[in-house]
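Here it is: the structure, laid out below.
The chains carry the letters A, B, C and D, assigned in the order they are written, with residues numbered from 1 in each.
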Amino acid sequence: MKTVVDKLLARPHTGNLVYSAKDFKPDVDVRWCAGCGSISILSPAQRLMPELGIPKEKIVYVSGIGCSGRFPYYMDTYGFHSIHGRALPIATGLKIARPDLSVWVVTGDGDNMSIGGNHFIHACRRNVDVNIMMFNNEVYSLTKGQYSPTSRRGQVTKSSPLGALDDPFNPVALALGAGATFVARGHDKDRTLLQHMLKRAYEHKGTAFVEIYNNCRIFNDGAFDLYTSAETREDHTILLEHGKPLLFGKGRNKGIILDGYTPRVILLDQSGHSLSDVIVHNEKDSTLAFILANMTYHEELPRPMGILQAIDRTPYEERVVEQIEHERATKGEGDLQALLAGDSNWLV
Amino acid sequence: MTKISEHIEEATIRFAGDSGDGMQLVGTQFSETSGFAGNDLNTFPDYPSEIRAPEGTLYGVSAFQIHFSRHPVYTSGDLIDVLVAMNASSLKVNLPNLRKGGIIIANKEGFDPRNLSLAGFTSNPLEDGSLKDYEVHALDISREIKAALESQKIPSKLIGKTKNIFALGMAYWLFQRPMDATLNWIKKKFRGKDDVITANIHALQAGWDYAAGNPEFTRQYIVDRSSLPQGQYRNITGNEAVAIGLVTAARKADLPLFLGSYPITPATDILHALSGYKKFGVRHLQAEDEIAGICSAIGAAFGGSLAVTTTSGPGLSLKTEAMGLAVMTELPLIIIDVQRAGPSTGMPTKPEQSDLLMAMFGRHGEAPLPILAAASPADCFDTTLEAVRLALKYMTPVIVLSDGYIGQASEPWKIPSVASLPDIKAYFSEDAAGFAPYKRDEKTLRRQWAIPGFEGMEHRIGGLEKEDGSGKVSQDGANHERMVNTRQEKVDRIALDIPDAVVEGESEGDLLMISWGSTYGAARTAFERLRKNGYQLSFLHLRYLNPFPKNLGVILNKFRRIVVPELNTGQLQFLLQAKYVKPVTGVHKVQGKPFKSTELEEKLVSLLTHKEIIV
Amino acid sequence: MKTVVDKLLARPHTGNLVYSAKDFKPDVDVRWCAGCGSISILSPAQRLMPELGIPKEKIVYVSGIGCSGRFPYYMDTYGFHSIHGRALPIATGLKIARPDLSVWVVTGDGDNMSIGGNHFIHACRRNVDVNIMMFNNEVYSLTKGQYSPTSRRGQVTKSSPLGALDDPFNPVALALGAGATFVARGHDKDRTLLQHMLKRAYEHKGTAFVEIYNNCRIFNDGAFDLYTSAETREDHTILLEHGKPLLFGKGRNKGIILDGYTPRVILLDQSGHSLSDVIVHNEKDSTLAFILANMTYHEELPRPMGILQAIDRTPYEERVVEQIEHERATKGEGDLQALLAGDSNWLV
Amino acid sequence: MTKISEHIEEATIRFAGDSGDGMQLVGTQFSETSGFAGNDLNTFPDYPSEIRAPEGTLYGVSAFQIHFSRHPVYTSGDLIDVLVAMNASSLKVNLPNLRKGGIIIANKEGFDPRNLSLAGFTSNPLEDGSLKDYEVHALDISREIKAALESQKIPSKLIGKTKNIFALGMAYWLFQRPMDATLNWIKKKFRGKDDVITANIHALQAGWDYAAGNPEFTRQYIVDRSSLPQGQYRNITGNEAVAIGLVTAARKADLPLFLGSYPITPATDILHALSGYKKFGVRHLQAEDEIAGICSAIGAAFGGSLAVTTTSGPGLSLKTEAMGLAVMTELPLIIIDVQRAGPSTGMPTKPEQSDLLMAMFGRHGEAPLPILAAASPADCFDTTLEAVRLALKYMTPVIVLSDGYIGQASEPWKIPSVASLPDIKAYFSEDAAGFAPYKRDEKTLRRQWAIPGFEGMEHRIGGLEKEDGSGKVSQDGANHERMVNTRQEKVDRIALDIPDAVVEGESEGDLLMISWGSTYGAARTAFERLRKNGYQLSFLHLRYLNPFPKNLGVILNKFRRIVVPELNTGQLQFLLQAKYVKPVTGVHKVQGKPFKSTELEEKLVSLLTHKEIIV
């Protein structure tokens, strides 16, 4: 049965549908520090929006608290700058209530991995169709520099003056362990890759998790240089491409093979290794995805960038709708008067 | 054998036995039948916190009590007139509440040495004369059933399962109740299992016949139809009433209904009911915790749903931060708290009214929101509708307080026709031109409800303080003060939109009793009885706890003494004293049990006879 | 510097140290339903205690809320029946403050995977030396039967009358994704295995997670029969033993091989497969652990029981103590008067 | 060139510039130096919520204010006497608070067209005469430094970094301050970087010389030593005072200290400080969230630690359920809430006093606990010690309320000798014989503290209601009521163990002002000034908000009018009215800023001149 909301939403979009990136730039000044990685993440996101070909009023950005949380103010769509760690449950309720919307969550390593950790793993499990952009700067920035669940062991911060004692989460491994269907990683210095992954995340039906390395100039400057700077990045990252062999390095002369279950680096055409020994990436193989995810903190291995896994599973909100439709199809629309009357009643 | 049949005004019967004995089931049947018979009634199920406590133990006793009458009934009864005790423990536990001279129907099987020792009896009360003040009917139910059903050659394992039905049959005879409703129910419930049906039907009849044919039973009691207003009736519990109230309100407001909830006793029934209403398009998320429950509801509210979250004390504690967000974003949201005995895990299956001050103040910062409390199972329906009306009209989260007592108790409810119900309206933003998210309606101070999908109204909300009107983030001091006051003013103005408080009895004078929530039943009963006995006092029930009805202050000043009975240590008392700076006498009970009307009666009598104020 | 607590705890244990299981049975009656799996889990736990050879006052059981939460009342040691989902943070604080204690957490699939999920993954990450017994009955029992995050999709419960829409967590996979060092699984019908695993969990330094299938007679009866009943269990479970090949089935004539990264069942000495093709279990290989964990919901594969992974990583509380000791060794014991005086002060 | 030097009673200087201009740093130096010079003082850092807001913006202005005097000082000053403005925005933002005739030292570089437009100036205030009411000294600091340091051939990028130090030098000249302390600090701070040291040393001197040699500067102001009691002093912020207070209390009680916390502005400094005190054996867990923070502390308390959790409003909201558990398990626990402007995220960097009612009632069920509030930065130390004393003596969680103002403000603190500090004792169970976890001390009602490791005292605690004495789980109604009352009584008895409230001024009469928390400073200043001006009024400061001092009721009844200034909409006012049923006049400010003493003064004067009660 249609409600007034359905009727209001049925009104046709009257304005132009061909947008440019700047249609998504509200005229407020961006309050991130000059040189903050977040600024470099914002632009591919803004450039992606016109590509979606949907009315901007159908797009919602939900964020938690953190520097990253300011994102919605800089994207001229509907937005919700919620409370710390709760962007995902809010987005979940919104998407279940409104499957017609394109729902994005912008969060941070503290917001999503620390206080929001439970909502994150349950989002991965439920597979509601929301796209998660996690700005990982390996520190709590808005609160001026404490270690986070992705900070490295030994990292010196305001709350770990003698070095952090925790080992970090491996966000992509956590997502896979929790049952996420779409898991990817990128960084603030490669906007093209980022825009591509965000597009894929948008197209993916179900929860899409994109970890984005984000350089915090003030509290953790250079944390990702090894993986993002022109000099070192070829040798220290590997770009995952579906169906392609895992090659990297200047001149792509290095590859990843499995010895036992453990990934190792080989030099092509040396020590008798050939291209055929090299692992071929397969987004649909969740075991491989986990093997790749586990490469993360091994300094002798390149850090995987790109889409680790993209498998299909019906999004949760579709199941909700199906169940309702099926029930209505078989039992008919609910009769309110009958509900009030109940199964057994009597006349006085 | 001649039997006398006596007309009586009212009676209270209690079926008690092991968790496994099916007492809840026969209790429900007896109340349905009493309803059909035109009585007003009130029931209360009373089960152990253990799922299946060991058989025969004191803490394992499960009971169902029905108070039925030819007059209006407001409580499930103070004292028991008829106790059906399936074992020794259920006798032990309930004896203290049995009226002297009351009837005991005891199943001897439950009084073997093992049961007696588990109940802590040193000798068998059925034999040692300790029950001489009562009318005791002891029988071996299984044997009686076997005897009666011999002809039917029914498998004896089935017979074991019909003991409760046999007892029900006896109870029906005792009150001359028609059995057809139960017979139909048996046929429906066990459709397909013919042997079970026959077994139960015969057991029911056998119970009736046993009493009828047994010289011990000399009297039948007849409770005549009550003068309930004409109409179609059903029994309803508070939790059911909330659930269908929400569906009704959503239909009335023409909104989709969203429930974000996490199970918790005694609120879970609401989640259960709503999760079954798929036909009505109810979307529900059983969230990972209470925080996700309310946050998902906030998200759904942002998307244009009538959004609800249901919980009990511990869950309300966890929702505090998100409630503050709902206050700040000024989104409509219904928060239902079925209170239980705290603090902490406390006594999860027992009712209490101790969340009022937390509902009022349990958020950091200045975060006011309206609070309503339901007075009875049926009143849960109306209160829910009213909460939804206010939430939508003022764009605000609203807390509805119920409790484990009215949530699970049941009473007859006159089924309203959908058409007759009050209108409820949702106010969506209409015009993109000049739109601003915090532009307010002048009268209600309601802000805009512009949901994603509305073209040209793209905007951002959140937990940071924002500029009034534009809704832009603002850290300006003067604006903050204005917003804090506006949020308060918005709630205060609701006082102009709700009915004035109504005083019953003397319109002014010595003593005014004020009840709230489930205290209503016992308070009203005590009030009416005292009036009947010629006492001069007044009575007022408060549904609206924040804001208070606008005439409340004036009323308080018309009385020398204000008495507030509460199942807490004086929370409404505290609010009234703070707001009206007038001393209030509290009557407190914190035992995980509702007031007995007699308790209040005694307290009031002593107050009315000693004139000095007691604070 | 020693505190009064150190002094009080330095008092020697005066009583007997040779215990029997019944020394750990308080005289209260167990209030779980007759036939509840929990009862069968309690006894191996009680039988293990004497084996530990430590004074009973050094043992603490912390639980959350749920049927499983009652456990501490049935174990005559120190105990804390806390609030829903919070047993782990309480145990974490206790263990950090008191590394001398043997700290056990008893929790349920709702308590630990639902409301407690965040604390669970952070415990796995931090590796505080607590032993987690998760009673998984795939339902919320204490609240009388709603589906839980481990309930199967389609499961009909009081809160899913038309069938649950969620896919379940795979608890062992989640633990691995979160970085757990010790991960095991057992069930209520095999007390010997259970006792053995709990012993190993105790010996493991760091967070030990033991998932225990627990039959709820009332709300989810028979959920695990396939894996626990005498007739079916050999064919539907596989016992993981370090260094041993993955064999199962009546007569252990079936084995698990990897084809690509995917485990498959083979019949030994058929279709040309021999014992040498069969995977050999290695508790130290976290990739293998994940592969095995992923077998969980594949009906054509046997369900792994036993210890999936046991790797070494310094427990968090040891790091805390080390950091303090090191600081004291290098900078000396803190001088309170100096702390009060601060770095810069003046005389008036 | 002759300069007059004038002795003045007190002054307020404010250094304002971009986040990057190092204003906090020079502000700190100026206050240290003023301390050394024997002034009493009070400072407040005032920085934007953005980490590094764009340069030159209004919202990016970062400032540090110092109020120093030869008399006792209780606030960081109402009006600014000297404003150092490094750019146009910092002038724009602070002008409203600059005393007419006040001095402006402006860095011309910050007044270029771009800066002017960012600040919203249409013309340059340094030139358009709009500042004629002030004494303006405008100069191009970089140029002056270059000129002065030419000889030193210092790399110009370094020079850019010394502008703030140059300005500091000017300020030092203005108040004839010795510079040695700052010189030493420079040498210490930049040890190893000789060029930086020289650059700064010369810049400082250059600033001094510039003022000294500049005919525009005709006057130096001398604020003489105050009559602070003799002793060793330091500057201390409230957050520092809490941190070292906790370490001290733990030492005094001879307990290990455990902190379970999650970062949140403005409380995080306490976590920062304690995480550095490894030498003192402090164990801390930066938890995954606030719930884990408090729960880990509860676990540590169960294990025998002095356990603490620190947070601000949103975090306190999240801790509610666990606070209830701490109340139920009756474990000692210190909960520190550095309040900020709510509701929800609100204005995170701004102070407010709006968590009082949540601290009081923000838990489901009846869950009372003691509440203390600190009055000033230094008072945070004593209040923390007192909170620990009560937590251990009564086995109860205790909430300490501070706020973002006193948390970050600093004042001179007379360094106590450890020996002189009050004793604090932990009460552990001694005897396994006859041990029961809820056996109580008769006087305090304190239950047993038997920690794991104590032989023969094995027991279980938890959130379920338990039998008094034995501590066994009990769902018995009478026991529950007894326990609810006992938990309340235990808190109430603390009133017998704390100092009586003290009235200053008239011991009875017309008007009594009651302050709590950080309102103390402005209230006392206003009170003393009014007394000096011959007004008759009285003053009382409340450290203990639950329970209230036992003589408070008696005191209230001695006055016709009670006035309570609060940075909220009347929370203490509400508590007083509810408890003492006496009307209280509230003075409310909810602007994320502390009261100015002058605001209160005016309000009080109007009250004192219009005698009718205002509620």
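In this text, a residue touches a chain if its C-beta (ideal position, glycine included) is under 8 Å from a C-beta of that chain, and two chains touch if they have at least 3 such contacts.
Just so it is clear, the model here is predicted, and its values are computed rather than measured.
When the interfaces C-D and A-D are ranked by C-beta pairs in contact, the top one is C-D. Note: centroid distance chain B to chain D, computed from Cα atoms, is 47 Å. Inter-chain centre distance (chain C to chain D, centres taken as mean C-alpha positions): 44 Å. For this pair, chain A with chain C, the centres built from the Cα atoms lie 30 Å apart.
In terms of their C-alpha centroids, the spacing between chain A and chain D amounts to 40 Å. Residues of chain C in contact with at least two other chains: 65, 83, 115, 117-118, 122, 149, 162, 320, 323, 327. Annotation for chain B: residues touching 2 or more other chains are 59, 278, 288-289, 314, 321, 325, 329, 344-345, 462-464. If you sketch which chains touch which, every chain touches every other chain without exception. Of all residues in chain A, those touching chain C in their complex are 115-118, 121-122, 125-127, 149, 162-163, 165-170, 173-179, 260-262, 285-288, 290-291, 294, 313, 316, 319-320, 323, 327. On the chain C side of its complex with chain B, the touching residues are 29, 31, 33-34, 65, 67, 83-85, 114-115, 117, 140-144, 146-147, 149, 158-162, 217-218.
Across the interface of their complex, chain D is touched by residues 1, 3-5, 8-9, 11, 13-15, 55-60, 62, 65, 72-73, 76-83, 86, 89-98, 100-101, 118-119, 122, 320, 323-324, 327-328, 331-334, 336-337, 339-342, 344-348 of chain C.
By the touch criterion stated above, chain D contacts chain B in their complex at residues 49, 59, 313-314, 316-318, 320-321, 324-325, 327-329, 339, 341-347, 349-350, 352, 354-355, 357-358, 360-367, 462-465, 475, 477-478, 480-481, 484-485, 487-488, 568-569, 574-575, 577-579, 581-583, 589-593, 615.
Listed in rising order, the residues of chain D touching chain A in the complex are 50-54, 57, 59, 262-265, 268, 271-272, 275-276, 278, 286, 288-290, 314, 344-345.
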